[in-house]
Amino acid sequence: MTAQTTTASGAAFAGVLQRQGAAVVLVLGIAAAWFAFPHFGSADNLRNLVLQGSFLAVIALGMTFVIISGGIDLSVGSNYALGGVLAAYGAQYGLVVAILLPLAVCSLIGFVNGLLIARTGMAPFIVTLASLLFARGLLLALTAEGATTYKVDPGSAFLWLGQGTIFGIGVPVYLTLVLFALGGLLLRRTRFGQSVFAIGGAEQSAVLMGLPVARTKISLYTLSGALAGVAGILTAAYLQSGVTVIGVGTELDAISVVVIGGTLLTGGAGTIIGTLVGVLLRTLIQNVINQIGTLDSNYQTVVSGAFLLVVVVIQRLLARSRTR
Amino acid sequence: TAREETPAAPSNGGGPAASAQSAAPSADGCTLEKTGYPKVDLKTAVVGFSQSEKEANPFRITETQSIRDEAAKLGIASDKLLVTNAQSDLNRQISDIKSMLDRGAQLLVVAPLNSDGLQPALDAAKAKKVPVVTIDRKVTSQPCTDYLTFIGSNFVEQGQRAAQAMAKATGGTGKVAILLGSSGNNVTTDRTKGFKDELAKTPGLTVVAEQTGEFDRSKGQSVMEQLIQSHPDITAVYAENDEMGVGAVNALKTAGKSPGKDVKIVSIDGTRNAVQLIVDGSYNAVIESNPRFGPLAFQTLQKFENGEPIPASIVISDDQYDESNAAQKVGNSYK
Amino acid sequence: MTATTEVLTAPVLEVAGVTKRFPGTLALDDVSFTLAPGEVHALVGENGAGKSTLIKVLTGVYQPDEGELRHLGEPVTFKRPIDAQRAGISTIYQEVNLVPLMSIAGNVFLGREPRTKAGLVDWGRMYADARELLKGYGIDDDVKRPLHTLGVGAQQMVALARAVSTDAKVVIMDEPTSSLEPREVETLFEVLNRLHSEGIAIVYVSHRMDELYRVCDSVTVLRDGRVVHSGPLKPLPRIELVSLMLGREIRQIREEGVTAFGEEHDVEREPLLKAENLAGMRKLHDVSVSIRPGEVVGLAGLLGSGRSETARAIVGAFPLDGGSVLLAGKPLKRGRIKAAMRAGIALLAEDRKTDGIIPNLSVRENIVLAALPSLSPFGLVSKAKQDRIVKIFMERLRIKAASPEQKVSELSGGNQQKVLLARWLATGPKILLLDEPTRGIDVGAKAEVQALIDELAQEGLGVLLISSELEELIDGSDRVVVLRDGSVAGELTGDRITEENVLTAIAAESTGGDNDVHRHP
Amino acid sequence: MSTATLERAKVTAWLQNYGVYLAVVVLLLFNVAFTENFLSAANFRTQLVQAAPVCIVALGMALVIGTEGIDLSVGSVMAIAAALIPLYLGAGPLTAIVVAVIAGVVSGLFSGYLVAYLGIQPIIATLALLVGGRGLALVIAHGQLVQLHNHDFLQLGTGDVLGVPIMVIVAGVLAVLAGLVVQRTTFGRHLVAIGGNRPASTLAGLPVKRVLVSVYVISGALAAIAGVLATSRLGASDPSDVGLLMELSAITAVVVGGTPLTGGRVRVLGTVFGALLMQLVQATLIKHNLPDSTAQMVQAAIIVVAVYVARERSSR
């Protein structure tokens, strides 16, 4: 009896670790970095860290929804870059255009992704791979093959979105937090969110249970596209220009942080907060690499790959010990 | 334009360090006084270097090495030289620069990933009164206020010089294929613009195809193979970097043509492989883009700290290799 | 709610001349079917007769190729399941169709979660409502737990609770009892009675005659996609119903009896397989079973008593902490399915959808799958050898398929089961572990399978038979081992194998707090 | 009316099976009509040679996808193979090739182990290798491109036998082998069964883990071979660029060729034609000198259309 309860509590602990494992690693990592590197804990550095993470976080938020539904969205990187260019372009015509234009276009691309996936049954991987190419092509077409960089007028109010600060912390950070709070609400406290979980957990069942599966999927990919657009907008405001070279490989970064955050790639389970933790972990690692300073740049990618692997393996082993 | 340079420390295959085109300091240059920045001693200062891409090609390898070597030569302690690599991620480069500032960098050398978009990092440096020298790529911010100065090649001019070399190599007539660099890259844009504008002055030369080879040898080779088939009349290739040029040579050889003779090849960079091909007779000209910025960058910072005026941009005098000089100068190329 | 006693003339749901084709199959052929308000209507037929297909037409999963659907007299088209649900038609499908990773409560209310004024999901109310609702179905588990932690039977009850709680006017149940234990079946019938008295119409699909006569008012018999009979059930003698389903003469059936098992078998003394003191994963504590050649050993017990786990443990598909399996005196390596197979042990798993068929592959490939290495010299596949085997088994088990190359997922449940049985027989096993081999199989097929088990035992195979149908177990077994909570609770042989004795062994000491029957914490 | 729908069903079923071949033919005809100098032996040779590495990688990818997996690491494996070549070329081309292929096998073992034994999602296990592998290749090569001069080795990429380029022969032989493996060996049938229903395959006593690991090993080895060939053709070991985005090209070829990402089915010939189709698309775009922007959008459209036609339809 007692043996059973201890193993049960052990399993529960492993469960907590598995779900919050990334958070635990994050806390330990921050603590270690704080002691090891004199400059790590400085307000400037921390501010820098969270600001840098916020752009990827917004993209990863959309990706979290998509992955929970059992899908994947490879188009976010290109969409993000496209959003940035459109925002900078739109900024010539004022704040409203700067925001609405990229949102509209990026959402539309997401919408088409969703439509193709939900209505034709094509694999998300391949549909969004195609739109990765398409969005990048569109970006190049809009910028004379990348030769034009739209600059945002330094006086534009639009820049506040990216460069403004409140209590010393960048506006994108607040926006990210707001979006994550809304995202959490959407996922946990709405029927839409429940449908997302159901679709990821057992799509056929979701259909038979009468859930609006197609509509939910379309909304999901639209949301992911829109959030990539938002990240683009923030980046354009932050960089004061529509930089054409951003977003290459960002989809893989986003997938990595979502998975590190404990969301299952098989769908049906995951958390918003985990993704936030995943983003922070990634930023932390980069920061620590910088603080060490002597790591050859080629080794750095080896380290990132190894890190991803270690986190996933640990999660997996913990999950196993829990089902034991 | 080719001036004989005294070779710098023979650390990277012994090529000469970059040197300024016009040494005369302009009177309205940027001075320590004008910026109001504190004076720091180069020998004891913390210096930060932000590299943009992985050191996975000759240019980046040589560039970073040159900075490190020069710092060592000047006696800057290794823990006083902070080096970061942004892995081609612009946001990360900004964060890298901020992080170095945070760790006490007093002087910054930055190899920007992109001409636009570094503003937040430059603002942070300005706020901390840290002078920034950008190398190899110019940023579109305000010199002296946002950053101190730019040291590097003029990419448009490189394109122009390539066009001139092309005109010379072809004798002014021919059909030209352009192997473009990566789309969206400033370097691609500038080298294309310079080349095309200049080429227009030679009516005998027409561009029949322009396709991206993404600065990559194998992509350049593949594209060239396709172009040889669809445009058998191509007589000249302009590659926006050496790698694609070498790829084109491979493609031409496989197709049974003799590069350098049937089809003239001009490219930009100055890597050992390309220059050696000129010596071997299967290449026509290479416009140098010198990555050895170390000495000039530190010199410039030193001058600035000394109170001397610094011009808004310091364009380096890039060398040029062709049939006439490749054999003697092959040692100057980098790898 | 008061029962609607007034006689409504319009049928709630009506199907008129519906035809549905699948590539190679005419699943429904000009089928008409009428469901009056408040009636419990049985839908019966052999495997592959078209019952599930008809249901899927009724609920908008499939669209009919011809014919029409009428709801309260009005023609309707249900494009998607949601359309049918909006019209008050609720369904429990043959296979549990819920979301395993989601909480129990979440499953019950999925798509119609109670909401706060702000429009947000009200988890507190949802949990409370779910707890309240599920109590009526004998489920007392923590509703916040993920659904997959429940046993299959309990999951089926959750599905039922969900379906019934949607203000349905029509509830359709496709073999709801096939994965329920007796006690749960009782609960189900209580729910049925309640629905009945509330005037809700019910379509009830089952292969179990007793149940049909207990709960149904009228019956529609399908055979090969056509309606062969429709009318009140009670006046129809059982034997006639069976003959309608099978399309065979009554006399013929009489001769064959209720179950197709023969007399006791000649059993050798020495056990061929001995499983001793199996324990693992908190599901098995101490199980010992032995099987002699030519013997059918029945494994009885409630759902969750560890019967499936025992069978899986024997072939190495269930991780053990202790115990050993000996075949002909030699210990088998633990956890090696391959080794068990080579030694001649075959397991027909319980859940054919997830553990049995490979849906993408053809009937042929599914049959030869396990025997493939022995049919393939040097690892090279020989089609001729396969075809021979496949032909033999398709004939012997009377597998109904358009051709051996038909995708197995297109067969009806019963035929899929036969394909799986063929897969194992093709490996030439010495010991056959059958976990619910006749679940979801029509009477005809069931008799065939039972006769087959008999025949196999006669040929000298040792058989372990797991079945939730006591009748089958009692008739078919030479010996019955009763499991309770992962341990052996008793063993019956010869004349002592009676329904009463088995039930006593199952029920003994299963005292008051049998809330945890579904599963142990 | 119902005969009409039946006809249509037949047409779509035909397209689903043969769409990719039809697309290749259509594109060829288009080129013959509208592209200058298309009909020449040299041109076809070019297309085949260029398609060879993608095709080889795609064969391995098709097997992996057949088991419901995916292998994102192929590009990085190519880079590792490329990085190793110059280190061992001194000991002869054969040694260098063997070492490179062994490296591919080892990385395949690695991802196969992660997938089969630790139960890590294929996409994430191989993503880690995609990120880390190229870094490793660059570390091995010190970030340097190395010019190769070994004549025998270079022959692989440029030479031919009886007028057929060696690269094309290698790709062809491997394709035939892959076809035989899938259709005619127990391994191949196991692979498809595992992709179709893994728990059932386990219970049927199939060597699931061994098959999974083997599949990743094959994919790794094929990627390494592709890396060797690409290196030879290039005349240089270029770990920073060789195989970049190869995973996406290979997956595209496989899927366009009619192998569903959901596993349980492998179409080898379709994969070969998928690779050829994408090669022809690219060639057409280059030969017509379309700008990069248009080229990318056209490719996107073609992928969507091809996959749309070849997709598995749910019976509704």
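Going in written order, the chains are labelled A, B, C and D, and every chain counts its residues from 1.
Everything that follows uses one rule, which is that a residue touches a chain if its C-beta (ideal position, glycine included) is under 8 Å from a C-beta of that chain, and two chains touch if they have at least 3 such contacts.
What you see is a predicted model, and the numbers here were worked out from it, not measured in a lab.
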- Between C-D and A-D, more contacting C-beta pairs sit at A-D
- Intercentroid distance (Cα basis), chain D paired with chain C, Å: 43
- CA centre of chain A versus CA centre of chain D: separation in Å? 29
- Task: Return the distance between the CA-based centres of chain B and chain C, expressed in whole Å.
- Result: 72
- Geometric centre distance via CA averages, chain D-chain B, whole Å: 36
- Touching two or more other chains, which residues of chain A qualify? 139-140, 145, 296, 298, 300-301
- Task: Check each residue of chain B and list the ones that touch at least two other chains.
- Result: 54-56, 183
- For this structure, give each pair of chains that are touching. A-B, A-C, A-D, B-D, C-D
- Message: Using the touch definition from the top, list the residues of chain A that touch chain D in their complex.
- Response: 72, 116, 120-123, 125-127, 129-134, 136-141, 145, 252, 255-256, 259, 265-266, 296, 298-306, 308-309, 312-313, 316-317, 320
- Any idea which chain D residues touch chain B in the complex? 35-38, 40, 42-43, 46, 49-50, 138, 143-145, 147, 158, 230, 233-236, 238-242, 244, 283, 286-287, 289, 292-293
- Item | chain D - residues contacting chain A, complex | 70, 114, 118-121, 123-125, 127-136, 138-139, 143, 248, 251-252, 255, 260-262, 291-301, 303-304, 307-308, 311-314
- Message: With touch defined as at the start, can you tell me which chain D residues reach chain C in the complex?
- Response: 2, 5, 9, 183-190, 192-193, 195-197, 199-207, 264-265, 315-316
- State the interface residues of chain C toward chain A in the complex, per the touch definition above. 59, 61, 80-82, 84-86, 91, 93, 97-102, 106, 110-113, 115, 119-121, 123, 162, 281-282, 521
